[in-house]
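First chain A sits with chain B, and in the next complex the same chain sits with chain C.
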Partner chain A sequence: MSNAMTETTLAGAPEAARAPLSARFAALWAAAGVRCAVPVVVLLAAGFLAPLIAIFAYSFAPPRSFDVFRAFSLANYAELFSPDNTVWLSFAWSIGFALVTCALLAVISYPIAYGMVFLFGRWSSLVSVLFVFPLFVSENVRLYGWVLFFIKNGVLDGSLKWLGLGGAPEVLYTPGAILAGMVYTYLPFMLFPLTLGLSMVPRDLIDAARDLGANRFQIWREVEVPLAMPGILIGMLLTFVLAIGAVSEAKILGGQSVIVISHDIEIAFTYAQNWPLGSALAVLVTAFIGALTLAVFARLDLDRLLGRR
Partner chain B sequence: MTDIKDKKPILQLVGVRKTFNDFAAVEKIDLDIFEGEFFTIVGPSGSGKTTMLRMLAGMEAPSEGNITLHGERINDVPANKRPTCLVFQSLALFPHMSVGQNIEFPLKIKGVDAATRKARALELMAIVRLPASYYGKNVMKCSGGERQRVALARALAYDPEVLFFDEPLSAIDYKLKKILEKELKDLHRETGKTFIYITHSLEEAMVMSDRIGVMRAGRLIQVGTPEEIYAAPVDRFVSEFVGEVNVIELKREGEGWRGVNLPGAFRAAPPKDAPQADSTFVVVRPEFMRFLNDGEEADNTLEGVVYNEYSLGSRIQYQVRVGDKVMLVELSRSNALPAAANRNVRLGWDVRDAISVKA
Partner chain C sequence: MTMNRRSVLKGMAAGGLALAASPFAGARSAFAAREKDLNILCWEGYNSAQVLDPFRKAHGATVKAESLTNDPTMINRLRAGETNVWDLINVNNPWARKVMYPEKLIRPLPRETFEPYFDKMLPQFKPPYKWAMDDSGTELLGMCQRFGPYSFVVNTKKIDRKTAEDVGWDLFNDPKLAGRYGILESDDWNVFGLFVVAGIDPFKKHTPDEMAKFEETAKRVFKGAKLIGDIAAMNQALISGEIDLHLTGGTYSVSPARADGYPEMRGITPLRGPMAGGKGGIAWIEVTSLVNNPQLSPLAETFLKYVQQPEVAHTVAFAEGTYNPVTQMGNPDCFKLFTKTELEAIQWDSLEEDMARCVEYDIVPDYDQALDIMTAAKRVRG
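This part shows the complex of A and B:
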């Protein structure tokens, strides 16, 4: 049956290729799925693809101009890759922050996710709500909250002084503060994929591994982590991508002591009014993140994750 | 069958009880399991048999009482420190590992080197009748029966003294189940290990076991060989569990007895070993219940109407409405009752074929 169908399709394919374009379009239009997909295709094209194309085009415009689509120049890329340009430093900061945030979040979130899946029982929904709750407040507002907490004579410093403990160390406007802010902001984006990943580990398998002699660490290494890997990878990818594009933490908690890559892009587009250079930077970041995402998704079986198998 | 008399106990349960909140899943169980025997715990779902197994395997601790292995108390010894291994109902195979990796898992945990592991895995695969070419096969691509064998080989790789089975054959089709039952029995004989098997199917238990324990509502109500359970069920529940039976309730009436809501004649009921009470139950198996011709007599008779007949392959089962009860009669196909439907019949059963049971 399926063989016969494959043969028909294969035989039919050259036929379709030879048909006039209008007829092929009509055949395509006849499919309900295609017609249903039209609104979302239009929306994606206008809202997602068009800006991407515009940025891509701008990156080839002459520096400090708005001659998009009219001139072609590689000067922006040449400037970014020239040895005396220091933009690589911003790149390095962003990637460094993203890597460390990712690693810290994995370590912090794993026990919470494990608890939510295996231990908390009916309390786990309350715990999830508590972790989602801060998302209802704007990120900037929450970060300014941390500034008030850490600032000189702020909540922490003031309380310690009042207790006669001699004040808190200066943590605000340091890379450490930026990192803390990023870990705080992106926790839910690691926690929930991890929870999903761990919930895909059947209890039976953990019992079986223990019964076959495995200790807690061996169970974790041989059974839990491999089976929760799709969730772990998605969490890592999500936090990494978000963290590499993060800018508010560096601006608010870092007080511009460190310039991250998104901040550089923002400066190019606003203060410097050099859209082509900003676009070229954006293209590089997008390409980097895109390649990373593709690499991760190539290893992921989304069907299994979504429970279709 | 091995004679259990001269065997020494390997696992002993003394007053073992398990409660979850206020609910007692297992009530005061005393049981000795002997070295090398095939012991089956049978009971309907919710009878506490799985809880009992989880306590033996070390996945639950008993609330009261003691479990000993070779005379040493193991109540609080965790599963990974016990020389026992459980084959799960779900089989619990590791989906991210190949057949070989699954079987080698306990060896890898013990730190056995890769070459030795592989050799042992292939040896075990031969024992459970898996072709060696399956070594690298994705375990999720194996059929139900093959997975069964992988689970078995993995448990054997742990080299346990006692192997537990939690209804591993419940999701297998009938024909394959029969084959696997036989293989499991062979494996038991070949390895000489103690097997403790859990099932809700007494038929399965009868085929494989040296001894059977019947559980109901957290209690172990009868322990015995398959023959003992079949021939002398301790109560009505066990007798009904053994298979389809006719249960006849009798009440004392003057010097004799009569059936409760059962039209018929009860000349020689109940069996002599029946309790000296005013009412009792007797169990008569369908193959011992027979249709009587005109003028033919039996110790006891019942009058009813045939309302259904089933083919059981080589045998035919008749359902006969007697009073407000349904009685079962089984005949071989060659003795089939002609024009059975809606026929008024007389049934006969003899005292020697009846088993007296507690309610």
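This part shows the complex of A and C:
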């Protein structure tokens, strides 16, 4: 039976290849799945692909022009790669912040995720809600809240002075404040994939490892981390992608003590009115993130992660 | 058919135009019935419910207003083809006369209908008012309402007003004040301010030496800034004591803090400076014009008349966000609506003398180059 089906399929394939284009399209259209997918395809094309195409095309327009699709120029890329251009500093800050944020969040989130999966029991739902709850408040509002907390004569400084403790150290408007803001903002985006990853580690394997004489470190290194790796990687990727595009932390908490790459793109599209240059920057950032994402997903088995096999 | 770069570009062009046109497809078909539609591109304030709701109710109109916070973006929206979308554009003074009318992005107003409104404005706006007219002085290009001096802001408890006005922009050259000032995130105005701090008139073509001086000043001033941020961040930092003064600011930016009970925060107009006539301050005046829309809404002119009414002009002056003087304060019926607190918030006590010390906002011929230098200076401050 199975062989017969295979033969039929194989015999049918060249037939289909020889069929006229309209017939092949009609056959494709006849499939209910394809027809049902049309709204999604249209939505993705209009909402996702169209802006990307526009940005990509703009990056090849002459600088400070709106001649998109009408002229072709590599001048924007030439300017970005010019040795005189300091935009690499913004790239370096953004990548640096994103890497450090990722690393710190992995270290901070792992014990919390471990607790939520293995230790907190029925309280883990409550802990989840506590971490999700701040997401209901706008990021900018939360960051302004931190400014009010840390600002001179603000909540912390004022309280310490009132207690006669001499006031708080100056932390606002520094790269350190930006990093702290990013760690705070992106914590849930690392925590929940990590929790998912750790929940995939069978308890039996940990018990078996312990029975066979493995110590706590060996269990962590040989069992927990490898099995939770898909979740760890997804968390790190998600955090990195979000953090590299972050701008509010640098603006609000950092007082623009450094200019991050998203801010450079924003300046190009607003005050500079150099849409082609802003687009070229956006294309470079997108290409960098895209390459990174592909590299990570090449190492991931999503089907396994989502429990399909 | 052979594929080459030209054919690919043509294909991209067709696709791109189709994509670009799609969001406005619905809007175009609706142009046939625009009697009840009005679209306004403006600075914040005109988009507030306090200003728009009574108009919507009175005319049964659908009014859409988009607010942006810099002029070049708004002008380029029209250049990019959105003259089909907007009916009114509200930008600062030079753009109507020097850019938008010559580029046919706006159309003149009927002078006989609208010029009489200027008669009731404050004395310096009496017709024919330069920035409302075209170069030939025959066409009326827009209506004026909000205006104000815009140089820098100090906490007068830390630096008294007299000192600030006398020392002027050199405050930002004083090494002792490094780390005690902020810079408002308003890059086009910061270009003006940094030129003036460097002792150079911003509104002219600059020599390489002047640009080098500008670059040195930009790097030094940005390096010495405690923070760069928006109006809320500047006022918060002033009130908390994080900073004592900030570059680029005036009634527009500091009025919310003054209205909140901090009258010691004050927009300063220096006594002298490197600009024409030895003036030390820069002022802005908004001009609202009719967009050269092929299907212009008849409500556009109606709206311009509506905002001239004393009550509405007062609402515009105190619409959400920032508080500003309005030209209609020359009309006693409008002026009497302002309370003492409101007049204090907009620094009415010194408005006339401050404006007299100001040149009017103009276009910097080499703005692109200066902005690039300034952006690079910001990058290296970290």
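Convention: the second predicted complex is superposed on the first by the 298 of 309 C-alpha atoms of A that agree within 3 Å, B and C clash if a C-alpha of one lies under 4 Å from a C-alpha of the other, contacts with A are read in each partner's own complex, and residues count from 1 in each chain.
Keep this in mind: a contact is a pair of C-beta atoms (placed from the backbone, for glycine too) under 8 Å apart; a residue touches a chain by one contact, two chains touch by 3 or more.
Note that the structure is a prediction, hence the values are computed from the model and not measured.
Engineer: In the superposed model built on chain A, check whether chain B and chain C fit or clash.
Structural biologist: Fit - chain B and chain C, as placed by superposing on chain A, sit side by side.
Engineer: So, A:E222: does it touch chain B (first), chain C (second), both, or neither?
Structural biologist: Once the two structures are laid over each other on A, A:E222 reaches chain B alone.
Engineer: Once chain A of both complexes is superposed, is A:L233 in touch with chain B (first), chain C (second), both, or neither?
Structural biologist: After superposing on A, A:L233 lies clear of both chain B and chain C.
Engineer: May I ask you to name which of chain B and chain C touches more residues of chain A?
Structural biologist: The partner making contact with more of chain A's residues is C.
Engineer: For A:A106, decide between first (touching chain B), second (touching chain C), both and neither.
Structural biologist: In the superposition, A:A106 touches no partner, neither chain B nor chain C.
Engineer: Could you say whether A:A272 touches chain B, chain C, both of them, or neither, answering first, second, both or neither?
Structural biologist: A:A272: touches chain C, not chain B.
Engineer: Let me test your reading of the model: by the given contact rule, A:V171 touches which partner, first (chain B), second (chain C), both or neither?
Structural biologist: In the superposition, A:V171 contacts neither chain B nor chain C.
Engineer: Considering only the touch criterion stated at the top, classify A:I259 as touching first (chain B), second (chain C), both, or neither.
Structural biologist: In the superposition, A:I259 touches chain C alone.
Engineer: With both complexes overlaid on chain A, does A:V155 touch chain B (first), chain C (second), both or neither?
Structural biologist: Neither chain B nor chain C is touched by A:V155.
Engineer: Between chain B (first) and chain C (second), which does A:V147 come into contact with in this model arrangement: first, second, both, or neither?
Structural biologist: Second partner only.
Engineer: Per the contact definition in the header, classify A:A214: touching chain B only (first), chain C only (second), both, or neither.
Structural biologist: First partner only, chain B.
Engineer: On the overlay, how many Å separate the closest CA atoms of chain B and chain C?
Structural biologist: 45
Engineer: Give the list of chain C residues in touch with chain A in this complex.
Structural biologist: Chain C reaches chain A through residues 5, 9, 12-13, 15-17, 19-20, 22, 70, 72-73, 76, 79-80, 182, 185, 187-188, 226-230, 232-233, 236-237, 240-242, 368, 371-372, 375-376, 378-382.
Engineer: Going by the contact rule at the top, pick out the chain B residues touching chain A in the complex.
Structural biologist: Against chain A, chain B makes touches at 57-59, 78-80, 84-86, 88, 90, 92, 94-96, 105-106, 108-110, 154-155, 158.
Engineer: If we count contacts the way the header does, which residues on chain A are in touch with chain B in the complex?
Structural biologist: 202, 204-205, 207-215, 218, 222-223, 226-227
Engineer: Residue numbers of chain A touching chain C in their complex, please.
Structural biologist: The contact residues of chain A facing chain C are 46, 50, 53-54, 57, 64, 66, 68-70, 72, 86-87, 89-90, 93, 144, 147-148, 151-154, 172-173, 175, 251-252, 255-259, 264, 267, 269-274.
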